[in-house]
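First chain A sits with chain B, and in the next complex the same chain sits with chain C.
Take a look at the complex of A and B:
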């Protein structure tokens, strides 16, 4: 690329960046949409957290207290003590998943080797909550047996963790993928809007008549969108690092993945904008297609844990490889099924493919006015 | 005294009604001529359905390998208990194959019942089950840490053991039937369809008048601004109600969202109609205040999703942390979701009056905000 080409590339990039800065609503959307996903995923994680349960202690003996602490250790319930009337009122009002009653005489029954029954009323709003409450109660029972009569249950379970440093919290785990979706949305929206705007405002004709090659216009567009998207990506990464506690273990890999994904999404956005030629269509397609597909890429758990059809679809999407690399970059988690170098190579190939698609879309746009192009060529 | 309006007053009211109808018919025609808008309305909720379905699948049955190295009855019984616990998608396999599956990320854990377990138990000795676990996120890891002991205690209690401690759990369910999670997730998605559609259809109808500068002509018409607002709201309300009813009917055909009898259908239609009125009012307010398509698009993608998530779209709001419940009280969608759930799943009128009043008041408030925005323009 010679100096003239570089100047052309920079002129297109600077122009796109300047115009984008005047569109506050687009900037707001590019920034808030990923944060929106962070909030939504956090709410999803909170919804899957501990179930609210009321515990009615009609017996305060040592066995009853042991059962209460077993419930607290069952990793299922958020427990509040209540009287029988309060518990009944709260479960009727729909504020509890379960009301658990340790009956009077619980300790006496246990000491007399009689069956002691803990009563549970489950608010079976849906199957998932019911299953959760039932499993939680059985786990509490298991822990109660272990503490009240060690060795009575003749089988125990020993766990060996793959990551000895501890589990990654669910919100932190989901947040890493939010970085990828923020990059995806920011790139698609900024490049897509920049390209579509040229058609809406009829400035594309002027651009096509300029004595520069189409590929320089495309590179300039990708570069401009890339630069204008960087702050929003940085803000999302900072939010994820500071609020969700995802400090990158491999900062170069995490940043490199974000930049490569951003370049790819800018290239895809440039192609999309040239084909759609309407910013509202770009906005609709951006949120309607890549975002749903994003959820097929291993956001909630490694893709290989999903049914084969989902695995197959996810494997076709470059974003999956970005998610895998990001999870490794931030937390050192190996969630992919191919080596990390292959993930990076696939992501690079996707960028090249999207850039080629952008070039084809731009060339196709240029070909619809061949007379003007020929006139320009003759003049040159 | 005759309270009926006089003939002149009736003529004016009829003229206003005709004007509102004309505005509504024009807006509906414009909406129907924009297929991308209709696709966008359905695809946004579809992406959240994917979030809910894939999310629940991810936090549901994890893939796990079981190695039963014991050749006695206890190993087979414990394996059976793990299978019947319904927590895992199990692959019963050899140690070597299990290791391969674990290394290739095909399973989240390997459960090994060691050789000689039956012999140990026959001699009243203690046996330990080993679990190797990919603890990459806390939610997935906790599912396994709860699931295996749950299966073990299930196996132990099924043997009707005779030990010093005999504690059991007696469970009562509050409702006659459980609703599967995916069915439970459909109703909030219908409310999301309503919100996105209401904001987009009514909001775009208002914003487009400003963008194409036809608002001047509209405001010069010899009818009050409230009549124009009413017409635009009617268009948004009609399009939204019809779209939501189509989704509800599709759910009923699939057997997911089938209201109980005529009363259930009437309740559901009323709930949808009122929610649509609120969404259309909100759209008008955003369109009139923003005066461009972009704020409407942002409102439909970001505001609608936030309101949806806060209303318990991804869980049950009454089981969320108290601070979130406090915020959700100010979200009209909370009452829309509640009203629909009561009508469709539980054939109950609990909170009907409160839900209807909140949505009606919210719709009126939104319409007043829209009228004020339009009046402001008129004053300028």
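Take a look at the complex of A and C:
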């Protein structure tokens, strides 16, 4: 690319950035939409993170207290102490997943080697909550046995962490997908709006009449959208870093993945805007697309844990590879099915493919092409 | 053009040298364009040469193919058949020599007047001081120096149009294409824009003007072509030549002739080849008024007078008038002229 071409690229980029800055609502949207996703998905994770449960302690003996601490250690419940009446009222009101009652005489029964039953009222609002409560109680029971009667239970489970740095919080794990989707939304929205606006305001014609090559227009558009989206991406990454509670383990990889994803989404946005030629269409697609993508990219667990059909669909989506690289960049987690270098190569290839799609879309819409010769030869 | 108007819009710019002498500014050879989804061509085997220098008008009613022809010349449309050249080159290779002002002003309304000019200059490779000089010249040309920092969306229609012209001329193009340049502009602004266009032509540029306003074509164009259904209906010729060729002449004569003599004279007049209409009506103040409409024939007035006097009719007054371009347009296209 020679100096003249670079100048043309920069002219288009600077103009797009300036137009975006003058449209306050668009700017606000570009900044807030990724944050909205972050907040929305975090709330989703928070809702499922720790199930609220009430513990009714009808016995305060040492075994009863050990059982209560085993429940807390099961990492399933957010426990509050309550009376039997309070617990019943709260579960009726739908404020609890489970109301657990340690019965009177619990300690005595255990000392006498009698059966002791811990009563659990489960709010079986949905299967997931029921499963959580049952799993949590079994974990609590297992821990209780290990602590109350050490060495007497012949079978035990020994856990060894794959990642020595400790467990990754659910929100931390999920927020990596939020980062990628936020970057995707920012780029799509910014470039899509910039491209569609040119057609809506009929300024595209003036641009096409200038002695500038189509590919330089496209590069300028991607660059302008990239620059205007950077602040929102930086904000999202900073918020996620704060949520995760530590700095990215591989900052260059984390930042590089975000920038490459942003470039790819800007290229896709440029193609989308050129084809749609209408900002309302861009807005609808930009809002509709991320939700299915979000769930298809291994948001809750590595994609390899999912059924083959989901794996196949997720594998087709470049955002999956961006999520894998982001998980590694931030937390050092390996969640992909191919080596990291292959993830990076696929993501780069996706960017190239989107840029090519943008070029085709621009070329397709730039010049009015005639009907086929058959109609021409008909004449008059 | 008045001296005042000329001084108001002219710029200190040298007359452009005419490169490639003899090469027409625009050449369309047997060009046909059929849009997708349509059966009939919008431009049908159109052959046209626009000579370098001067103002060339492309007239026609809506749907005549004017805008399609412009799209072909600017390279925005690819012809179904035929060849389009601008200064002897394919349109896409001649972009640097062409400035286009389209019907819709196509400006960035959220940006300032100055930024629109700067953007136009930057797209054409001007940066730094040359860019600033071009912007300053553009502001002077558009007479918008006092509005440099104003958002384009706040400008009047005429101001926006002037800015669009300045943006299109930022790179000193040799060919300026003005597609309905005064559409939606008030009469005062239109007069100023006409002055503007004349000054640009005076600098040696070629101006290709499309319009459906016939007074505009008559006032500005050295040559005009009338398009109808994608083909040339008349031209290229000067507006005066078109009027003579297609408009014809109306001869109005007052006579004191008696009824029988008048009847015989009218019969003789109607027999003259080219006369389309001849009739008589009582004139105010006595006598009769004979009106004869004929194609442009040399000496038609004399032949009518001879026919009347040969039947003993005395002539008290005779007036000859040529048809206007509007009548020519109506005759050739079957459309009425839109109100300006």
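Note that the second predicted complex is superposed on the first by the 362 of 380 C-alpha atoms of A that agree within 3 Å, B and C clash if a C-alpha of one lies under 4 Å from a C-alpha of the other, contacts with A are read in each partner's own complex, and residues count from 1 in each chain.
In the analysis below, a contact is a pair of C-beta atoms (placed from the backbone, for glycine too) under 8 Å apart; a residue touches a chain by one contact, two chains touch by 3 or more.
Note that the coordinates shown come from a computational prediction; the quantities given were computed from them, not determined experimentally.
Q: Which of the two partners, first being chain B and second being chain C, lies in contact with A:304: first, second, both, or neither?
A: The answer is first: A:304 touches chain B but not chain C.
Q: Touch test for A:259: chain B only (first), chain C only (second), both, or neither?
A: In the superposition, A:259 touches no partner, neither chain B nor chain C.
Q: Of chain B and chain C, which one touches more residues of chain A?
A: Touching more residues of chain A than the other partner does is B.
Q: Based on the superposed arrangement, let me know which partner A:95 touches: chain B (first), chain C (second), both, or neither?
A: first
Q: One more residue to check, A:124. First (chain B), second (chain C), both or neither?
A: Only chain B; A:124 stays clear of chain C.
Q: Which partner does A:207 reach: the first (chain B), the second (chain C), both, or neither?
A: It touches chain C, and chain B stays clear.
Q: A:139 in the overlay: touching chain B, chain C, both, or neither? Say first, second, both or neither.
A: A:139: touches chain B, not chain C.
Q: One more residue to check, A:58. First (chain B), second (chain C), both or neither?
A: Touch partners of A:58: none, neither chain B nor chain C.
Q: Where on chain A do chain B and chain C both make contact?
A: Chain A residues touching both partners: 23.
Q: Write out the stretch or stretches of chain B touching chain A in their complex.
A: 36-37, 39-40, 43-44, 46-47, 50-51, 54-60, 62-63, 74, 78, 85-87, 104-108, 117, 120-121, 124-142, 145-150, 152-157, 161, 163-175, 177-181, 183-184, 292-295, 297-298, 301-302, 305-306, 309-310, 312, 314-316, 318-321, 324
Q: What part of chain A is in contact with chain B in the complex they form?
A: Listed in rising order, the residues of chain A that touch chain B are 23, 25-26, 28-29, 32-33, 36, 39-40, 43-48, 51-52, 67, 74-76, 91, 93-97, 109-110, 113-131, 134-139, 141-145, 148-149, 151-163, 166-170, 172-173, 279-281, 283-284, 287-289, 291-292, 295-296, 299-302, 304-307, 310, 327, 331, 333-337.
Q: Per the contact definition, I'd like the list of chain C residues that touch chain A in the complex.
A: 32-41, 44-45, 71, 74-81, 95-96, 98, 100, 102, 104, 106-111, 115, 119-120, 122-125, 127, 167
Q: Can you list the chain A residues touching chain C in their complex?
A: Within the complex, chain A touches chain C at residues 4, 7-8, 10-12, 14-15, 18-19, 22-23, 201-203, 205-212, 366-371, 373, 375-376, 378-380.
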